[in-house]
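The first chain written gets the first letter, and so on, giving A, B, C and D; residue counts start at 1 in each chain.
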Amino acid sequence: MTTKINIGPIHPSTHGVLRLVVELDGDTIVGVEPHIGFLHRGVEKLAENRMYMQNIGYMEKIDYVAPMAYDDAYVAAVEEAMGVEVKERAKYIRTILLELQRIASHLLWLGTMANDLGQFYTLFMWTFRDRDKILRLLQEHAGARMFYLNMRPGGVVRDLPPDFEENTLQVLDYIEKRITEYEHYLESNQVFIERTKGIGVLSREMAIELGATGPVLRGSGVNYDTRSNKPYYAYSELGFRPQVMFAGDSFARYKVRMLEMKESIRMVREAFKKIPEGDAVGMPVRLIMPQAKNKIVTVNRETPRGEAFIYMIADKERPYRLSIRTPSFINLSLINEIAKGSRLADLFAILGSLDLVMADVDL
Amino acid sequence: MLTFSISAIANWLVSLLSSASVVKQAEGLAAYAIGVAILIMAFAYFLGWLERKIIAKVQARHGPTVVGKYGLLQNLADFMKLLAKSNFFPKSSDKLLFAVALPAMLALSIFLILLLPLAPSTGIGNMTNGLLIVFALFAFMPLLIFINGIASGNKFGEISAQRSVIMIMSYEIPMLIVIASIGMLAHSYDLVNIVESQAHIWYIFLMPLGFFVFFVAMLAELERSPFDLREADSELIAGWLTDVSAPYYTLALFLDYTKMFLGSLIVVILFFGGWSGYGLLPVFWLVVKALIFAIFVMLLRATAVRMKLDRLLRFGWLALMPLALINLIVAYLLFVM
Amino acid sequence: MHRDDFLAQEEISAKDFEDAEQEMTALVEKSLQKYNLKPNMLFAKLSDITASAAKGIVNWSRKNSVWPSLFGLACCAMELMDFGSARIDAERRGYLLFRATPRQSDVMIVAGWVTKSMVPEVKRMYEQMLKPRYVVAYGECAVSGGPWFESYNIIKGIDQVLPVDVYVAGCPPKPENLFSALMKLQKKIGGSIED
Amino acid sequence: MKIERGKLIETLKELKGKGYKYLVKIAGVDNINSISVLYFVRDIDNNKEEVVEVELDPNDTALPSVEEVYKAADWYERTLYEMFGIEIKGRQIRRLLLEKWNGKGAPLRKNFEWGAPYETKQSKKAVA
């Protein structure tokens, strides 16, 4: 006999407003049916009715944990439509900022995942404290804590502040120490290992078949990362190596993100050594107006949650069609496949390991 | 267990009533009960404040600071506010059971503290089977949680109730085996005797394995992390407390700390030599030891990751059970020597 | 009836007793009504005493213990989380006990845009909260629909559905703003700010 | 690569056999005179991509389901149905993003009517 329980849309562990109808046989999950759309606001439709420069602000709100990633993806699409080259120094600045954003996003994920596993907010508070240091750095550059609006076609809104490098390196040293500590803290905890290893297994074949992306795909042993397969900005010069784990379980996904944070720290340090002098300021917003009509543009970007893909048909003043593939959307569609057969308590560990942002799902 | 507990309590009551000085005893009892009630309230309130402060310090925060000096009045404000909020029973709930379960739990835990000897000459009479009676009554606690969970008519409450029953199966029996070995070492189930027999060496040194088993089982009983499966706030919202309305939640909060006081008292009496200590009042030593134990439990709450249900069952039967049996054998050898 | 008048009477009739009783019950009922309490409630006696004898205590406790419900919708939920975390430390003023169940929380912080499919859920959540309850509209989207005001699936501000006590502007407002908003809410509860 | 509607399943199966096992996205575009549906597929091992485009008449938008070829197509097809009003043959469709939608039309069509904006109503209770 099976029972059905309804989880959400308001529930502490669904990271936003997600409704799951879970069919249970005792304590074992028979099926999970996600109901989404509680945050659907029609970004694609709104974007068709806004000027190019106005849309930058809308793109940031797609993924509010890592706003800069979409900011960058959209501006890159506009750049391609306008035929503008990114300045050499701006490439490095964007790489640095995007990687800092990735670290901040992964730190938030780490805290919330520990919370989902039943930890009483301790790691959550610690990672928030660390994340705040990065937000302060980004605030120094962009002037805002969350929604930066700092990407402009051809470059960024302004050059890095004078003591940015020094501060960043200091913060990175601190964060590297902390990450090692958290890693030690979690991996020496037998209960944590038991609750993540062998839970929510996604095989390599299924990961490709179901279209998993980002750390979920890499946790299943697929070596695909947009930063190395379709290198953009300074990633190929910085010697980026994609982080791959082969087990495909929650622990592998956790480990991929931890390794990614370390890789990001290494890359930012490397980028500060190689960053060229020169101009980095992009064009002012009033000039953003691609002249091409019906030019088709595709952009792939690796956001912290996975691969974002933008398909844009450019028109004169506003995009004729802006279609966005968001990583959380497709990662959530896996949930039924990987949660089947596990326990109810595991469902939240699995949800945590997928790192979902609900606005990213609902678009 | 149930029939045993009923017969044990009946025996105790009969012996109490048949003694000559019933009236005199009753007067003494009333005074004692009031004193202990004040102690419980003070301690529970203090624990509530301390837990917020300790967890905040672990989490790199300050905890309550504004209301009262060092935030000491924060919990009072919380309690008063919860009491003054409106009360509500959901339509799907069994109103009678839902209204009774939480007060019954609170009454039970206060009654249990009354039964414990807090100093050599206190406690309610000299009960020959005191330890057994305490644990027989203690076993009602998960049952009442079960009743509350089912009566709330909420699916999360129901799951929580099921978990409660499963947890009883996984830790109650090892705990009773440890109690048996304590009785063997002390040659008695009388709590006063147990404390006095620890005058030379505490039982934690004689039976470290037994203490471990007992500690784990006690954490599960107290719903403390990592065994807070019944109230798992990231899974079951609040488990059996999900549909409990605000005034009743005051009871739940109070119960939480009363239970913690009770649990630490039992652990101190059984394993840490009770009130033994130099100088000062015996009660002082008892309370200080209980406080240290409670702080340890709080630190555990701030750091541990919650266990899974099936894992808990396996842990109960494959780890706690053999350990408890080994402990019983050790105790038997000590008993023979 | 005044105390001196009462003493001046030589004989106290049964009717006077009745009058006094009625007066008392009216007083108690009035105070109960003021705090949204029903007389047949379990703790009515206790609230009764506190309300008539020292109504300040209840007010003081309500003012100093504002528990938000754990309910984040969208972007502003990030700042809501930051509000509770180590830098701001909302627990200093007793805001932290985020209860996941609406039954035990006092204030609902609507952090994010509200879609048409979310409206019934938000309404139900509000109805599940016990009186007295408050609503804070946190961020542009909850105040007026924000950047999505033209969208086909968003309502233009939470105040179309729920009575809002405090509005916080910003996209997203900083956690400090929420802190000051809750302090304003405290003042409102305490009676320093009138509606 | 532009193909006929009838050859869609066939073409995708062929591509999948060649190694294009990963479906990136299914996107729809309303060109007013026609509606085109694009299938972005990818060969992960060799890092190659391919786009398959199907053009449909706006009045006759029935499209075969490709879920049998790519399982990942499930949710994309559902959004295609509710956003463009494209009928998907061969499967049960439950609305995904707009589950309780009772408005008229498909939002991403160009002829979609928005309804009246600026309905703001400020309550007088404002404090902050």
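Observations
One rule holds in what follows: contacts are C-beta pairs under 8 Å (C-beta built on N, C-alpha and C of every residue); 3 or more make two chains touch, one makes a residue touch a chain.
Since this is a predicted model, take the numbers as computed values, not measurements.
Shared contacts of chain A and chain B, meaning chains that touch the two of them, come down to C. Between the interfaces C-D and A-C, more contacting C-beta pairs are found at A-C. Here the CA centre of chain C is 45 Å from the CA centre of chain D. Annotation: 58 Å between the Cα-based centres of chain B and chain D. Centroids built from CA atoms put chain C at 37 Å from chain A. Taking each chain's centre as the mean of its C-alpha atoms, chain A lies 23 Å from chain D. In chain D, the residues that touch at least two other chains are 98-99, 107, 112. Residue numbers of chain A whose C-beta contacts span two or more other chains: 11-12, 37, 40, 42, 45, 125-126, 129. In chain C, the residues that reach two or more other chains under the touch definition are 86, 100, 117, 150, 152-153.
The touching residues of chain B, when paired with chain A in their complex, are 55, 58-61, 155-156, 159, 225-226, 228-229, 232-235, 237, 301-311. By the touch criterion given at the top, residues 35-38, 41-43, 46-47, 50, 57-58, 60-65, 67, 86, 89, 91-94, 97, 99-101, 103-104, 106, 130-132 of chain C touch chain B in their complex. Listed in rising order, the residues of chain A touching chain C in the complex are 9-12, 16-17, 37-42, 45-46, 49, 57-58, 61, 64-65, 108, 124-126, 128-129, 132, 145-147, 358-359. Of all residues in chain C, those touching chain D in their complex are 116-117, 144-145, 149-150, 152-153, 156-157, 159-160, 163-169, 180-181, 184-185, 188, 193, 195.
Residues 52, 56, 59-67, 71, 73-74, 76-88, 99, 233, 237-238, 241-247, 249 of chain B touch chain C in their complex.
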